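The two complexes that follow have chain A in common; it is paired with chain B in the first and with chain C in the second.
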Partner chain A sequence: MRQPTHNRAPFLFAVTALTSLFMIAPMLLSVLAGLVNNYSVGIKSGFTLRWLQEVWDVYGGTVGWSLAIAAASVAATAAIGVPCAYALARSRSRLARAFEELLTLPVAVPGLATALALILAYGQIAAFRQSFAFILVGHIVFTLPFMVRTVASAFQRNDLVALEEAARTLGASFPQRFLGVLVPAVFPAIVAGGLMVFTLSVGEFNLTWMLHTPLTRTLPVGLADSYASMRIEIGSAYTLVFFIVILPVLWALQALAQLMQKRYGT
Partner chain B sequence: MELERIPVEIDHCSKTYADGTRGLQPTSLHVEPGEVLALLGPSGCGKTTLLRLIAGLETLDPGGRILFGGQDVTHRPVEQRGVGMVFQSYALFPQMSVAANIGYGLRIRGVSAAEERRAVGELVELTRLTGLEAKRPGELSGGQRQRVALARAVAVRPRVLLLDEPLAALDAKLKEQLREELAELLRRLHITAIHVTHDQQEAMAIADRLAVMRAGSIVQVGRGEDLYRAPAHPFVAEFLGRVNRIERSPESLARGVLTIGGATLTCPPALDQSALLVRPEDIQIGPRQDGWGVARVEQRSFLGDRVQLRLSAAGVPGTLLADAARDTPYRSGDEVGIRIDPQRLMSTAEASA
Partner chain C sequence: MSPRQRLLLAGCAAPAGAFFLAFWLLPVLRLLALPAEKGWGTYFVVLTDGRYMQSMLNTLLLSVAVTLATLVIGATVGIYLARRSFFGKRMLLALLTLPLSFPGVIIGFFVILLGGRQGLVADLSSQLFGERITFAYGLLGLFLAYLYFSLPRAIATYAAAAEAMDLQLEEAARSLGASRLRIVRDVWLPELAPTTVACGAILFATSMGAFGTAFTLASKFEVVPITIYNEFTNYANFALAASLSIALGLATWLALFLTRQFGSSQAMR
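This part shows the complex of A and B:
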């Protein structure tokens, strides 16, 4: 009774601790495996940064490309998705609802199928097929519904409808009120959608694996490659690189999204 | 700030929605230059629809016309109609400061930054927002937001100011205070204004004239006092305040009298309906005396500034509500004297508006 908050539910605490341990252990082991000299010998073999160095030498390029593709996906889904979200939010036609369903399809359909369809349709255009743009298009197809859904639900709010009418009574033309009033008003939703798009794009594997070429590899594809063809220590070191690169970026984006919400939320 | 003052003419305007429902029956209305007119009615009576038609936010059915200062604006889009509108939710741009909100319409029109600053400064002073220019709407109180919305609407020097339930979002106490303030501000701007509300006290406090609406039509137009005293329709009497409805027996009707608690009143000849209306404050209560009727107090409610008595009296079906002075001694169960000045009785007939 002296410490009610600590003693109230020992069972729940134990379950939480065990679950957390069960989930964190693989991550810790994986990180550890990337830092020891010989995984089969264990910690006794001593620590090294050799594997990290090797990963950076062989796959360093994939880090930059992954981040670049994720950033480009955010930019492209925002540019395409925000006007599309507005149109869907304002339209009451059945066609618009059908289109919205169609847009969500790439999320439900296995990425391999989407990739195969892209290859069938555009695979003959060699310059396109061999460039990172091909992977980017795949990522946009896959992530667009997340941006559109998030932003469309913001546009649908009654206060957004009133904001647009207010801008109209003040004489604003469509481009003026769209860019000057509506987009800034839904900016927190765009940032939230962008965060989701970025995260999905960085980790995307199965679609990218079909679309990539030996010269166009992203981080997850490189990871699969290293697991398949190299020592387990190198694959593990790669995971560590992934953590080091991705976590700060995600944290920064999260902080930005929260800041936006605080600044612009009413 | 000097604004243009123009008359507004609404000529046979009606609105049928896509699903076939009639939002507004064919309606005609004239608003004098510089006048504040309230569209008053319960929800769903068409008052907001009429306001949105005037704004140009809805298209009216063919055949109707809207004129601003003699100029036909029926087919002008809202962007070019020259109206200022205050929305129920205020619809302030959340990412812009108070000053940027007020100056938005001027910026859109390509007014120079110096001129915008001057106009915004003048309005900030007029609406007593000094010191809040750099704040964002989220940081303001309800009353301050309402004033920003008003300042933003008049900044573009509209020809007509439209107010859609401007006080509905505020709590009762603040509402009462702001309604005086808004009335004063509108007088000072001296602009033609149309004000939609469901609150009769708000309408009477702010507007010069009221148009009472019901089921998509205007029932009566006139000054608040006139409508209150001489409603042309029982709905107007009931909507503008509390009323008692007294049914008369056929004999009383034939004799042109009304009997209440044993006393007989001679009604003015115009009141020849089987039911008559009387307001609670027009029923006099006192000690039993000659010439007065007798009533029994069924319920006494102390309302602070007055006491409301529920009375039953011989010859009157149901009960009557009567207002008595704050210090009235009568309790429930007491027998009291009751009297009504026949001049205060109101007709239940529907005069043509």
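This part shows the complex of A and C:
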């Protein structure tokens, strides 16, 4: 992009500098606070890993469960979402358009309302209510539109329609066409959608807080608990755990998505 | 389209449809019907009860204020960064958009770290003025927290939009003698109007429905998601929680609808 002739813009620079400070300082502060011996004393109290150890002892399980639920959400939304995206991309009926609109409602409606609805409908089934499956169901309902939308727009590409038509005239059955031609063609979109689903699931709080029980906690739920009831060093150390564990996973997935994009095109 | 093809497509959509029906549509319809069990007036409780009306107004005003502030600051930062290249720019942009993946509770915690009783600002102010200034638990803390989770989205959006801005228009305006402020008003604003409307809508909807941040801050300034949560958890008042959820959803949808109308009417001009 052609850069404009450089004129000094002190006001814009000041706003950008202040904003950057506002956004970055808390992140650094929380990392630091999780590593010092005593927050009120500050750096003078020395560095330690004991808060991280304590967080791992008390909340370690939540990390694994959050990752597991996120991975399961990706698998589930891909399994039911990709065929659905195909149907929505190919269908021209009003019913299909209405269904597409309906599918995006869980995103517009506050997570609390969705959680309330689920509790109202299935809260009586104790085995379901008290399991991680209850949380997983909420996550899938919330993230499904993202997968469907992303993949549906990929399915609508003209060259894909032609490719599918060619395969059909050559005698390929539908499963053969779907698995052999269509899915590989939209694979980058599936990966991009999967990344969105994973990111959303890992950070999801509004739904999960209402649906959780003391035995079924995800990382954000654990974080809220630690902020409310534990000392500030532990809250900070737990936040640091979130950064250390979750962010590299997200970055790796993002790099994977970009790699897919480069190698296979949009 | 042949009937066989139609059947095939229906079969493809069926698993997702069944899941959606069972785990969202039917439960939500049941939720919508719930306030009626306590009488039709329950649906309007947000209008009739002063406490809930206050909560709704709080949420609306906060969301509007946050949206406007975020649009202005986000546009400034996004456009400024898009037009400059310096060492570490990509790193800075990545850091600034990082909070998009944070749950709201972390951002509430950040504000406590900055402005709580043991916060950074309290420490600095006690050294400078001898008095500990805390802002985390009031309206200012809430506003800053909401700003914190809204800015990344605006910065990312405007940085992308800045790529598509027409520099020739700007250069033409400048060569005709327009001041910087004039350029912002007459060139930038119309160019960025569609982006601004779309981004503003997302920001507003996110602020209206935000729960985790307000929950962590436990602020005296009550917003509707917190009210819903309290009604459900403390008083097991399902019907009231349902009614308030509907009111919140409607208010959000109405604001988005009006913005879309305003946006499309601008586009027609």
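The definition used in the following text is that the second predicted complex is superposed on the first by the 247 of 266 C-alpha atoms of A that agree within 3 Å, B and C clash if a C-alpha of one lies under 4 Å from a C-alpha of the other, contacts with A are read in each partner's own complex, and residues count from 1 in each chain.
The definition used in the following text is that contacts are C-beta pairs under 8 Å (C-beta built on N, C-alpha and C of every residue); 3 or more make two chains touch, one makes a residue touch a chain.
Since the structure is predicted, the reported quantities are computational estimates derived from the model, not experimental observations.
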Three-chain arrangement built on chain A, chain B and chain C clash or fit: fit
First (chain B), second (chain C), both or neither touched by A:Leu102: second
Touching partner for A:Val181 - first (chain B), second (chain C), both, neither: first
Touched partner set for A:Trp56, first chain B, second chain C, both or neither: neither
Partner chain in contact with A:Thr169 - chain B first, chain C second, else both or neither: first
Which of chain B and chain C A:Thr19 touches, first, second, both or neither: second
Of chain C and chain B, partner touching more chain A residues: C
Touched partner set for A:Asp159, first chain B, second chain C, both or neither: first
Minimal inter-chain CA distance - chain C and chain B, angstrom: 9
Set of chain A residues, in rising order, touched by both chain B and chain C: none
Residue numbers on chain A that touch chain B, as the complex places them: 158-159, 162-163, 165-173, 176, 180-181, 184-185, 187, 263-266
Chain B to chain A touching residues, read off their complex: 55, 57, 78-81, 83-85, 87-89, 91-96, 104-105, 108-109, 137-138, 152-153, 156, 162
Interfacial residue positions of chain C with respect to chain A in the complex: 1, 6, 8-10, 12-13, 15-17, 19-20, 23-28, 30-31, 34, 73, 76-77, 79-85, 92, 95-96, 98-99, 101-106, 108-114, 118, 120, 144, 148, 151-152, 163, 167, 170-171, 180, 205, 208-212, 215-216, 225, 228-229, 232, 238, 241-242, 245-246, 248-249, 252-253, 256
Residues on chain A engaged by chain C in the complex (per definition of touch): 1-5, 9, 12-13, 15-16, 19-20, 22-27, 29-30, 33, 39-40, 79-81, 83-84, 86-88, 90-92, 96, 99, 102-103, 105-106, 108-114, 116-118, 120-122, 137-138, 140-141, 144, 148, 174, 199, 202-206, 209-210, 219-220, 223-224, 227-228, 232, 235-236, 239, 242, 246-247, 250
